[in-house]
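Please find the structures below.
In the two complexes below, subunit A is the common chain; its partner is subunit B in one and subunit C in the other.
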Partner chain A sequence: MTTTEIKSTISDQNSGAVIENEGLSDNQIEINGSQWLEVATFMKEDPNLSFDQLECITGIDTGDGGSLQSRYNLHSMEHRHKVEIVINHDRKKPIVPSIEQVWRIGDWFERETYDMFGIEYEGHRDLRRILCPDDWEGWPLRKDYEGQDSYHGIVVPKIKEEDGWE
Partner chain B sequence: MGVLENKFQDNVIVASLDKILGWARSTSPWYFQFGLACCAIEMMASAASRHDLERIGMMPRSSPRQADVMIVAGTVTMKMALRVKKLYEQMADPKYVISMGSCATSGGPYWQHGYHVLKGVDLVVPVDVYVPGCPPRPEALIEGLLKLQEKIQTERPLTRKSA
Partner chain C sequence: MGVVKADQMILNIGPQHPSTHGVLRLEVMTDGEIVSEIKPHLGYLHRCFEKHSENVTYEQVIPFTDRCDYLASMNSNFGYVVAMEELMEIKVPDRVEYIRVIMGELNRIASHLLALGVYGLDIGAFTPFLYMLRDRERILDMFEYTCGARLLYNYMWVGGVSHDLPKDFEKICIGFLDYFEPQIAEYNNLLTYNKIFVERTADVGVIPSDVAVSYGVSGPNLRGSGVKWDVRKDEPYSIYDRFDFEVPIGSGKFGTLGDCFDRYWVRMLEIKESTKIIRQAIKDLPSGNVHQAIPKKIRPPKGSVYRRTESPRGDLGYYIVSDGSPVPSRVKMRSPAFTALSCLDEVSRGWMISDVIAILGSLDIVLGEIDR
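Take a look at the complex of A and B:
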């Protein structure tokens, strides 16, 4: 199936789920965040789509106070087609339904994206940081991230681009 | 040992107790076996048959209680820094630390933008020998270990430190 066919299959069964976005490339589909759990379940279980493999979840910060994104790379072993799902989040309140119970691998992927971008996956059964320590402050891969001054009494020297050591 | 020299049989050696203790301690510093990044591969290579650390009396121990030397081999993250400190505190005195490679010494390639990397392990534990390199070759590590052995040899454990 081509991306256009996949897109029409999704929008036929889930009205309002697909958001038209000219800026996306050929293999991407933007989905409305609030309907994502139903769409994900549909994409896995529909015999014509049958996306049985979640390859990756990535977070993206579009910068300059713009939105945060979750991107899901899906692949079907049966039909040998793949697609990338794009979901935009409000920067102030990035919440999206968790698909951890649809594809079990999503568990750690969502924890990683949560750890790095602070996107909250609603319904995840164990949403903790996975790489950074539990008491880490801030979301490191956001563009407006400022490192902390000290961590458990260890001073973190800040280095400016031109001045060298502060 | 001027007076005592040649007064005994040939198989008797006369030396000061400090010197003998220094010799014994310096030639068997067991190191703590843990690696943090790619430097650990070079540390393993040093311990394996081609470079063979056991010929200078060094043997890996898997417990901090049994180790004399901690080789910090690799990038120390903030998360690991607390654990490195805890492991150092668990080692029995006298204890020594070798900072292996640029990451452990100064943060290495992460020194500017690595928000999660400790900028030098000497911020949390005292370091005796720094081994430069990224990663250092086994020869460089062995050079550092021999420097540490020299340092241990000059110590006088029986002499009371003046206040």
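Take a look at the complex of A and C:
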């Protein structure tokens, strides 16, 4: 199936789920965040779509105080088609339903994106940091991230513009 | 009398434990000797690869990719440059493609040799490890001869490779293959058909195919569960569609489909397929200039790309976002070992503690790639 066909299949069954966005590339579909869990379940279980593989979840900060995004790369082994789902989050309150129970790998991918961007996946059964320590402050991959000065008494080195590392 | 139930106990394996293949801590909940839950704790080796990448230029990311999967650095480079070339729409000369395939497959053999050798070591077979490291060493020698480095190569560049093949490389490589192919039979005699090894791995840690797919398990681990899926065949990148090779899958040779032995056996068969690819690539190796297509300035157009390639551990994906500047806006690595480790909890439940070591070893994880 092409992206256009996938898009129309989704919007036929889930009204209001697909958001039209001119800025996206050919393989991307933007989905309304609040309906994501239903759409994800539909995409996995519908026999014409049957997206059984969640390849990757990427968090993206569009920068300049813009929105945060989660991008999901999905692939169907049966039909050999793939698609990328884009979901925009409000920067102040980034919350999206968790698809951890649809594709089990979503569990760790969502924990990683939460760790790096602070995007909260509602309904995730064990949402905590995965790569950074549990008591780390801030969301490292956001563009406006400023590292903490010290961590348990250890000074965190910072880059200075002229001299390189402190 | 009721069932005797021993008290629950929490056992910490790692972070400094040889069988965790790096710095990984497993918090194992046990009921007597039986595992009831495993909580892996990652991040001991987190070096902020993705954050670093946002502060250096596109070509400077390549040495970082080396350090992610340090056992298959060529394949890590390969995935990144393939994604970059797709983003920039660069056509790479044929010679470069052939050299990349040769290097990628040689590194796959080296990585699998280490994986198999260390797997034997985990289970208590010391000798095969030495045999396999001996042969891996010869591959590393060839890499050293080509690009000067034995482990972290920075060999593949966007649009080309750093050095052309050195003098007589083809001859050395064929000489190695002639020596190496009969060795596989020796490994099989030493380890594969060893009764103790088979008893420890067959029927242990079965991953059913639907669980494997749902957990994003990929590469030899997925094929061990009987799913015929190989990115080289099913979504060909570079020039893999020109070669004739098989995709080995698990068959439950000594036990159940998808057990530890199947994952081990798939790797062993893959080594053989890799030698076939290298022979074909050397036979057809065209001449040409390997630096010709390297762009002077790397400034990809605005946009994003997700491309996955087949590393020795599975689907290695790079998600690269460009904002039109010489510095990437976002580089995300989807590492196959990360997804493989995530299924450890579900697969290990109900097995003995010693079987957890066998299951973990059969997944062939590299912590450098998991923690990034």
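Going forward, the second predicted complex is superposed on the first by the 162 of 166 C-alpha atoms of A that agree within 3 Å, B and C clash if a C-alpha of one lies under 4 Å from a C-alpha of the other, contacts with A are read in each partner's own complex, and residues count from 1 in each chain.
The rule we apply is simple: a residue touches a chain if its C-beta (ideal position, glycine included) is under 8 Å from a C-beta of that chain, and two chains touch if they have at least 3 such contacts.
These numbers come from a predicted model, not from an experiment.
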item: Contacts of A:R80 with subunit B and subunit C, given as first, second, both or neither; value: second
item: Which partner, subunit B or subunit C, touches more subunit A residues; value: C
item: Partner chain in contact with A:M116 - subunit B first, subunit C second, else both or neither; value: second
item: Which of subunit B and subunit C A:I95 touches, first, second, both or neither; value: neither
item: Which superposed partner A:P133 touches (first subunit B, second subunit C, both, neither); value: both
item: Touched partner set for A:H152, first subunit B, second subunit C, both or neither; value: first
item: Shared subunit A contacts, counted only where both subunit B and subunit C touch the same residue; value: 132-133, 140, 159
item: Of subunit A, residues touching subunit B in the complex; value: 132-133, 136, 140, 145, 147, 151-152, 154-157, 159
item: Residues on subunit C engaged by subunit A in the complex (per definition of touch); value: 42-43, 46, 48, 50-51, 54-55, 211, 213-216, 227, 229, 234, 303-304, 306, 308, 315, 317, 319, 321, 323, 329-330, 332, 334, 338-339, 342-343, 346, 371-372
item: Touch list for subunit B against partner subunit A, complex; value: 78-79, 81-82, 111-112, 115-116, 118-119, 123-124
item: Residues of subunit A that touch subunit C when the two form their complex; value: 25, 52-56, 58-61, 63, 71, 73, 77, 80, 84, 103-105, 107-108, 116, 129-133, 140-141, 159
